[in-house]
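Structures follow.
Next, two complexes with chain A in common: one pairs it with chain B, the other with chain C.
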Partner chain A sequence: MASRELTFRILRYNPETPDVKPHLQDFHLNEEPGMTLFIVLNRLREEQDPSLRFDFVCRASICGSCGMLINGKPNLACKTLTKALPDVTTLMPLPVFKLLGDLSVDTGVWFRDVSLRTESWVHTDEVFDPDAAEEKMDNELAKEIYEAERCIECGCCIGGCATANIKPSFIGAAGINRVARFMMDPRDKRTEQEYFEVVASEDGVFGCVGLMACDDNCPVGVPLRSQLAYVRRKMAVAGWHMGRGR
Partner chain B sequence: MELQKVITPSPRSDLIVEGIQMISGLLLVLFLWVHMLFIASVWLGATSFNALANFMSRYGLVWITVAFLVVVIGSHVGAVVRRIPKQFREQRIVWRHAKLIRHMDTWSWIFQSITGAALLALAIIHVVVVTYGGISAKISSTRVFNHFLIFYIVLLLLAEYHASVGLYRIFVKWGWVSQHRLHRVLGVITVLTVGIGAVSLYVLYTLGAHFA
Partner chain C sequence: MNDYDLFVTDVLIIGAGLAGERAAIEAASQGLNVTILSLVPPRRSHSAAAQGGMQAALGNAAMGQGDSPDVHFADTVKGSDWGCDQEVARMFVDMAPVAVREAAFWGVPWTRVTMDKRIYDGQEIHEDPKKVGLITARNFGGTAKWRTCYTADGTGHALLYTTDSMVLKLGVTVHDRVEALSLIHDGDRCYGAVARCLRTGNLRAYSARTTVIATGGYGRLYGVSTNAVINEGTGMAIALETGKVPLGNMEAVQFHPTGLVPSGILITEGARGDGGYLLDKNGYRFMPDYEPKKKELASRDVVSRRMIQHMRAGYGVDSPYGPHLWLDIRHLGAKHIETNLREITSICRKFNGIDPVHELIPVRPTQHYSMGGVRVNKHGYVYGMKNLFALGEAACWDLHGFNRLGGNSLAETIVSGKIIGEKIAEFTKDALLDVRSSLIDQHVHDQAERIEKLRAKKSGTADVFRLRHEMEEILREHVFVFRTEAALAEAVEQLHALHVRAGDLRLRGSGLGADPELSAALRLPGMVKLAYCIAKGALARTESRGSHFREDYPKRDDENWLKRTLAYWSYEKNEPVLDYEPVVITELPPGDRGYGEATSGPVQKK
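Up next, the complex of A and B:
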């Protein structure tokens, strides 16, 4: 059977040449068995246009570098098989993040900012004793924390989020999921009031309007919907306690 | 922390507004369902409809309902307005985004703002017309027959859509039910309430034709 000729309509934009307006450029390539977008983009760069910019590291859905809009849907290019794509595929960079050029965006600065704002580290006064035996964690709890930790910070939940698209200060599902991870962790000694300050605002969980594009588009299947609901319920209870405490 | 946050009166304000949005929305959905059932009394004939209407006006229930609606719709609008992208720049981004990612729930949110705005206008007209025009089998059915049939069909559909999407959003956000089951349950409820309303309108229309 003759292989399909695939068309890739790719957004071209270089911030260093602002005179050239952002535009879609068509590339053509014959499909091969087992072909992923990772292979496609590398071949296009090698064989057709060395100036094409995109990010890849691991090609195995672990590093989270290759998030992009594939026919509008945020997803990882490396785990997208061309078999699942129509003859014409549009590729655009993820919105919200700083566009470095073509399909390449800078998710790092965004995630670092969210990490700082949500204080994503274990808060504790306990002094670390290197000689003491490690404290065991309940296995079920460890698994729950790991569910949240599986986030690879690809930014697909952020790019797909309508609120994040219009509100740069919104920490999005990735940020709220991160806070959930620390809320579950018994080693983090933050009180619910302290968490409330971090996440119970319009920039945090109460800024979410519940469209769940994050959950629908997460390439690694982090249960973002239940994580958001978990933080929302926790913060409602915390708010209730704060009201009663006065 | 920055000054503007330190001097904000309540750190819980975002939670409280979210609560007002949810509770007022739930009250309005509840009101809508009771309203549909009351109207459906016309199925049993003009007498039962009149009996209910008389009961409501005799004990001032009509005015209590109007006061309830002013307060609840007022707080609902006040709370949800913060969600609607108001700047032109935001509007452009949201529409572009919805077209781009082709995600159903994102579209339903856009329709939610549109139907909400439309409902505010329609509900005001509806309340004013009904309170000043009066409620009885004759007055109401003549109203439906003469001018208001299209108005009521539009109001019914918009209200049910808005209520259904709003309920869906609340349950999804708080994570109370599975998304799949929610779709089914809400679908059934919406078809049911639209059905009840449509039959009521049909009965009123034929009654109006009879009076005419």
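Up next, the complex of A and C:
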């Protein structure tokens, strides 16, 4: 059976040539068994246009580098098999993030900023004792923390979020999930008021309008819907406590 | 020549994986100004891909009872086939439990001991109720006890995110999308690095009191590798190119038994550790025939050899991508597979359209780890160059000798980060910046000239991508699991020719700005030099030790080869030159590894 000829319509933009406006360029190649967009893009670069820019690191859906809009939907390119694609596929960079060239966007800077704003690390005054046994933790709790920790910061939830697209300061589902991860961790000693200051604003959990595209688009299946609900509920209660305290 | 940005810092760390970040934390906690360079955002480093776990003798799990650093030490030395530095191995095993607990203190959600009923290899495991809630461990190859601490299927991810959260907390400067092109040095001392911004393509100079190489391995020299695409050995190459710094044991390359076919994506050792089998084309479990005691869980070099041997004997499964074998985890049950081995499940489903709960997984030995690297002493201090340190997979600290045990690499990153990080801090406090600006100018100028030459396209004939594939092919064909004199001599000759051609590249595109073809062209000559060191070291070593297996010299030869290879780049000879040093044996004299016929050559089965 003859293999399909695939067309990839790719957004081209090179900051070195600002006179050339961003545009779509068509590339063609023959499909092979087991072909993924990782294979496709590397072959296009090696065989057709060595200037084509895109990001891959692990190529195994672990590192979160290759989020892009595949026929309009955010997903990881590395795990997208061509057999699931039509004859013509449009590839665009993820919106919201700064465009570096073609399909490459600056997710790293965006996520670092959110991690700093939400102070995403364990807050404690205790000092590590190298001679002591570790503090016990119920394995179910460890699993719950890991469920939130699993986010790979690919930005698919952000690129597909209506609020993040119109509001650059919104921390999005990934940011809120990151806060949830620390909120449920007993090693982080922050109080609900301290969390309130970090996340209970229009840039945080109360900026979400509940469209839930994030939950649909997460390529690794982090339960974003329930994480958002968890943080929203916690912060609503915290707000009520603070109101009563006044 | 001043068309570049200059950054000044106390400690410059090249590489933001776990080793680099853990060392950064140590130095920054002691009040030093630290700058980390990274090819990618730190959380995208290859450390994140380590699924299985890290070894540390906590002895909490029932199957780990009686474990101790001493047992871990013996496993590590045997695993290394007595090629490791025993003083280093001792420091490492003693520190590993502390490092795991410290990571727990910082937030890693390690999987804990539970009283859940569990059957392993037909026997029920009874955990100690007093240990419930402590950090548990799983089984890994080549270990006497269950010692591998883990977080479900994402240990590297969890460890990297937590470590990076401490880097954030401490306010360490991280410059991502920056690639180091050369070390600034005067032949005696290192003063920092010349780097290229991968956003703009602009050159930068980083001047530092102490420079640290933590760039990971060189897996991508091999076309099919479990490694991330950024693992191209950059740090090792720029150290080698000083002409002063030796690379240790470059011929010691680990092949992981279970790379997925055809993509080479890693199927973690946890799959076999948790009870998975290897099957041949007849559905027959063949490993017990070769290794009755450890079966699928002999050390990685042994299992890889047995697999290739079995395929050579005609028992491989034919496929369009060449022969392979099967990994079978179906008997572990859907619940176990979906939770503790979820990553495998998702990889199989996504990349091969296979459901491992009901189907077999196609696997074969695939390049996985570089035991060799920038040779350092036990404090991480680089041989042959002052004010330069190295750690992690980029270094040859020499914890792993000729074969690394599963779970010892992730452990090495944070344990050496802790130990060497402290040495870096101590050293830097007394070190001076003391650099001439003309020296920096000259080193930046050298890189600018390379770039200009490539952009001008006035000379050159070799295509970057084609040349690279040729290099990959030479290594795959001649410097793989089984090695012989003739094949290695052929590889050395071909790599020399390739090295000459790599100096004569011609770009197809403009090479402007952060052009990816230019990046590849700047990287390739160093990669070819590394490949050359691997092949030459393998040709010279006329014995078999750990992962280095010579069919023409199938036995370990302690009389002549209980020594470490040191490969230097000679600019006079235009090729690597080899030297050797003794291996430090402090506690455990060379003996039998205790898993099968690892040292006595392949079984003749035709």
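Note that the second predicted complex is superposed on the first by the 246 of 246 C-alpha atoms of A that agree within 3 Å, B and C clash if a C-alpha of one lies under 4 Å from a C-alpha of the other, contacts with A are read in each partner's own complex, and residues count from 1 in each chain.
The rule we apply is simple: a residue touches a chain if its C-beta (ideal position, glycine included) is under 8 Å from a C-beta of that chain, and two chains touch if they have at least 3 such contacts.
No experiment lies behind these values; they were computed from the predicted model shown.
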item	value
Partner chain in contact with A:Met242 - chain B first, chain C second, else both or neither	first
Which partner reaches more residues of chain A (counting touched residues only), chain B or chain C	C
First (chain B), second (chain C), both or neither touched by A:Asp87	neither
First (chain B), second (chain C), both or neither touched by A:Ala213	first
First, second, both or neither for A:Phe111, with chain B first and chain C second	second
Chain B versus chain C as contact partner of A:Arg225, first or second or both or neither	first
Which superposed partner A:Asp125 touches (first chain B, second chain C, both, neither)	neither
First, second, both or neither for A:Pro15, with chain B first and chain C second	second
Shared contact residues on chain A - chain B and chain C	none
Chain A-facing residues of chain B, complex	11-12, 14-19, 82-83, 85, 90, 93-94, 97-103, 105-106, 109, 169-170, 172-176, 179
In the complex, chain A residues that touch chain C	14-17, 33-34, 36, 45-46, 49-53, 55-65, 79, 81, 100-101, 106-109, 111-112, 115-116, 119-122, 126, 128, 130, 132-139, 142-143, 145-146, 149-150, 152-153, 182, 185, 187-188, 220
Complex interface listing, chain C residues touching chain A	40-46, 48-49, 98, 100-102, 104-107, 109-114, 132-136, 151-152, 154, 157-158, 161, 165-166, 168-169, 174, 176-177, 199-201, 228-230, 262-263, 265-266, 320, 343, 346-347, 350-353, 464-465, 507-510, 512-517
In the complex, chain A residues that touch chain B	69, 71-74, 92, 95, 160, 162, 165-166, 196-197, 200-202, 206-213, 216-217, 225-226, 228-230, 232-233, 235-236, 239, 242-243
